[in-house]
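Structures incoming, each one as structure tokens.
Paired with chain B in one complex and with chain C in the other, chain A is shared by the two complexes that follow.
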Partner chain A sequence: MEPAAKSGKFSIPIGPQHPALKEPGHFEFSLEGEIVTSATARLGYVHRGIEKACENRTWIQNLYLLERICGICSHIHALAYALGVEKLAGVTAPPRAQAIRTLVAEMERIHSHLLWLGVAAHEAGFDTLFMYSWRDRETVMDLLEGLCGSRVHYSANTLGGVKCDVSPRHSEAIHRGVDFLEGRTRYYMDVVTHDETLLGRTRGVGTMSLDQAVALGAIGTTARASGLARDIRVEAPYAAYPDFPVRISLETTGDLLARFLVRLNELLETYRLIRLIVDHLPEGELQARIPRRIPEGEAISRVEAPRGELFYFLRSSGSDKPDRIKVRTPSICNWSSVLVTAIGHKLADMPMLLAGIDPCFSCSDRSVRIHKKDGEVEQWSWEILRQYGIDYYR
Partner chain B sequence: MDTVSSLHQAQELLIPYTVVATHPSPDRLDIVLRTRNLLPAVQALQAAQWGYLSAITGLDHPGFDPTEAKSQPVEEKKWDRLADPYIQNVGVFSTPHLETLYHFCQGAAILTLRVKVPRTKPVLPSLCPLIPYATLYERELVEMMGFEVNGASSGERFILPEDWPDGVYPLRKDFESLESQASSGGSS
Partner chain C sequence: MNEFVLALAALMIFPGGAFVLASGLAFEWIDRKLVARLQNRLGPRWFQPLADLVKLLAKEEIVPDGVHAGLFKGLPVVALAGALTAGLYVPIAGVAPAFSFPGDLVVTIYCLSVLTLCTGLAGTNTLDRFSFVGAIRTLTQLFSYEAPFLLALLSPAILAGSWQIAEIQEYAQQHTLLILLTLPVSFAIAIIGLMGKLELPPFDAPEAETEIVAGALTEYSGRGYALFRLGRDVELVIGLTLISAFFLGGLANPIEFLLKTLGLLVVVALLQALFARLRIDQTVGMWWRVGAALGLLQILLLVILKGLGLL
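Moving on, here comes the complex of A and B:
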């Protein structure tokens, strides 16, 4: 930290490693006293060159690579990619597959929004809410693990369909889980709107007007909190959304409180949608056949990730590998909104403001625990897991 | 407004600047522009409040098959064939060139403005005077594809590491790895 003697301004670097946000991003704020006068960002600390890596892998290999862009919204990346490749190949996944894709996408939205609620509460210093919401999030994580076999990278998608089916036992468990979460979400809604301490950190903080949201190109929940009705599920329905329409969740005040409300209301809508899908799953196949070589052409695939519009551009030169894959993740759109709305706020509000757009943490790591039938728990190392995989597919 | 009339409106707005317009799918409209018409075209969209800039894609058309010997231009390879209808209309850039795709979305409608620039002098105007948030996308183009965007870059690294060599653009087709780059003596 170096004081610039003449102007009386202080420049505060935050990150890339910092205690406030569990994400490697670097921000530099200029301050006059406590008030932020300018903000800049430097990203790329977890840039892994995935777009380039895609060009050296086959279409099906890329499905697994792209799913690993994010450890929170993994399914939605695989979904956007699979839908794009299917467009290029002229293949449509069967209705049951589309419904299961939508179901997993909405369950992922629950886990993502509850995770965000915890992070935001933590940034506000409200760690009880953080621990409650993360405890409840385990409910949906367990449901996803039961359905797809994994908590984070569900790998529900394949090109042309899905790999997992929903059995009556699953749907019963999903109903039970969603009922529990709905009760919890209503409780959180009460906490968020009535707890004076939390309201002090959220009401009127980081306000982005509708005009600003338009000018800054905000998307997803950040845009919807400012009254900008952008939701790809509504505007350009994909997968099974045409059959299971979504009611958009909008707020108008544009402050941090509005961002809480939009996400919590969206959770309630998601519960409704999940019940509807589970009860009305179309019968039929899970996969359609797709060629190994994808015909020449270009396709654009847009989906609504938990953080907003996810944009994929795919280009094929007719081979078994893509020519170019461009991924525009939602967080990149919302950075500008933080950098602009930060100005005029106190430095102490910055962690909350940064967390307010739910920036995407792009890495996750997890060992596998096997719960045996007799109640014994066994921890698997990477080597054992790898060998298991090799032996399994031998 | 439905998708068809959205795209129709965009097509009407951009008639003065259009070199060629195509509909790759019912929800998409691709318009090839000359570089000098990019800003006026975006201005026309903005004046009519048509959509928002959703993403910018950079494409490399190296004019050779990167799996074969490097920097030997091969005529009529697959790279050209794909871009052929555009190349005929734009006229100047057969090989090699870089292309930028500006994707604008309104509802389900996707409008893509396509601009081609020579690979040796890939200069683009910045959209920032009209769309300030385009800066993040443009800086990505600059670092990853090696475009020169007038007025976009602050000169500091945005995505790539500080010690990344200058003039090496990882998303170009002839880039494989830093090691192979070092042995062959830099980017083409």
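Moving on, here comes the complex of A and C:
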């Protein structure tokens, strides 16, 4: 082991194995005393090659693969993909299917935001709030299980529609669950805005101004906490959002407290939306027919995942398999905001800052092609990679 | 000969030694269980602290490269010994302290600090970065709560006019109401100071797992870690005994001991579940700006009242 401090500069690694992060990512903070003077991130520990794998599978098989990009926002990946493929094929899912897709997406948002609330509280050392919010999250997971048959990978989508229907019994259970969760969320709102110890860890910490948010390309809840009104559900409504408009939740202070407030307010808005959808579900078919071979062309599909804008690019060559699928997940857009706002803060704030953007590491990991200065492009073939692996562990 | 046997029994079995260790484990379980229930968790089974201890003692102790091996292995022993020594001067289980002499209050407080000091030294002894930051925080915290904690425990001593724990306790038994009425501030500071000493939440910045893994004890495993944990359990019992003896009207018998210390433990557990972790700068600021100032004011008030002959 290297001596801790060689040159007076002291660096603390967080990750790839660290109790603060339950996923592998490596962050190195240089410290002077407790103050962070520089921050670097290294990702890529869980690259899975999903984009490439998509090219070997049929359009319908990819639905299952892409849903597994993320264990928290699984539905939204499948939704973005399904909407893109339908656009390519010139098919529109029936209104009832679109409403159910929106319903599941909003329920997934509840699940994701409550999960984030718990994680953020844990990073602040407030384990009571962590346990409480995760207990309440079970409610929405049970509702999703009742609706789709699974707690995590709901698999509600199919190309051209949805696989599950909302029965009167479901809608009654959803109403009950949402009523309970609304009460709990108002309580958490009270805790977050009034607990002095938690406020001491969130107010004025990690402040990102509106200009910074624009310059760093922040998206989703992180951007909305800085007053940047970006929400795909409002800007370019998809699925059933044109019929069930969303009120954007916005804060202007840009600190961690604002990120708490944006997400909690968004939860309250989500409860309103879910009640509205359940009460006004359009009647009709659940699926539209879609061809096995998707016509040649390119399509872009954008949706608002719980963490921000999720972007899909699809290209078809007219076969039963996609030619290229490109996924840009929201986490990757927000990393730079953490590294910039970290400087000048205390080490104790770092886990909270990292958690503040609600990061998803496996979403962020992708292979990178390095262009060297002399214009040479280094690309490793499968053989080189394999040999590297053998040599590394020898 | 008989005296020697009695002294040995006091050291090894009761009230020191085995009894303190056993009650330490029991108190740890009650604390963990209470916090867990407050946090809507199930919590450990009653023998879990003992099971943890046995498991840790049986595990291999890994001495990392670059440390002073003697210090690495010796510090946990010294820490536990310090805590156990303190147990000899306090009225554990409501019986008179095993040993008593004028000024033993200062010795006891000193012995209670040995554990923290050893934790800090253990952290700086290893090359690990998390340990090092944890050790700095441990020692910073030591310097922040120690003075207010001492001031808080001194105020009943000033009232009683003695620095001997047994005498202060006797005074507390006779003047329960007076102490309850005049020393609520010292009482609060003493409880919170004890939580700081034991690095319980919200004062757990020195071992904040989301920042610096396990703080100063990151490199410890097996026996050393077990002894540090045991030392902390012992300190919990002794601290609670001391505070209830001083501020809650003394400990006349085992039943009073149980009721009062467990009552305090419930308060401590509640405080642990209520707050988010304080940053180390917030901890230090709180102690020096609020804790020390209030403690000094309390002492000043007592001295003036005593000087005027009102107490």
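Here are some notes:
Convention: the second predicted complex is superposed on the first by the 353 of 394 C-alpha atoms of A that agree within 3 Å, B and C clash if a C-alpha of one lies under 4 Å from a C-alpha of the other, contacts with A are read in each partner's own complex, and residues count from 1 in each chain.
Here is the rule we go by: contacts are C-beta pairs under 8 Å (C-beta built on N, C-alpha and C of every residue); 3 or more make two chains touch, one makes a residue touch a chain.
Owing to the predicted nature of the structure, the values given are computational and were not obtained by experimental measurement.
In the overlay built on the shared chain, the residue A:Asp349 is in contact with chain C alone; chain B does not reach it. When both complexes are overlaid on chain A, the residue A:Arg169 reaches neither chain B nor chain C. On the side of chain A, the complex with chain C involves touching residues 1-5, 10-14, 18-20, 31, 34, 121-129, 131-132, 135, 195, 197-198, 200-201, 346-351.
Of all residues in chain C, those touching chain A in their complex are 38-41, 64-66, 127-130, 132-133, 201-202, 204-205, 208-213, 273-282.
Residue ranges of chain A in contact with chain B, taken from their complex: 42-44, 47, 49, 51-52, 87, 214-217, 235-236, 296-300, 302, 309, 311, 313, 315, 317-318, 323-324, 326, 328, 332-333, 335-336. Residues 24-25, 27-28, 52-55, 57-60, 78-79, 81-82, 101, 103, 105, 107-108, 110, 112, 131-133, 135-137, 144, 156-161, 170-171, 175 of chain B are the ones touching chain A in the complex.
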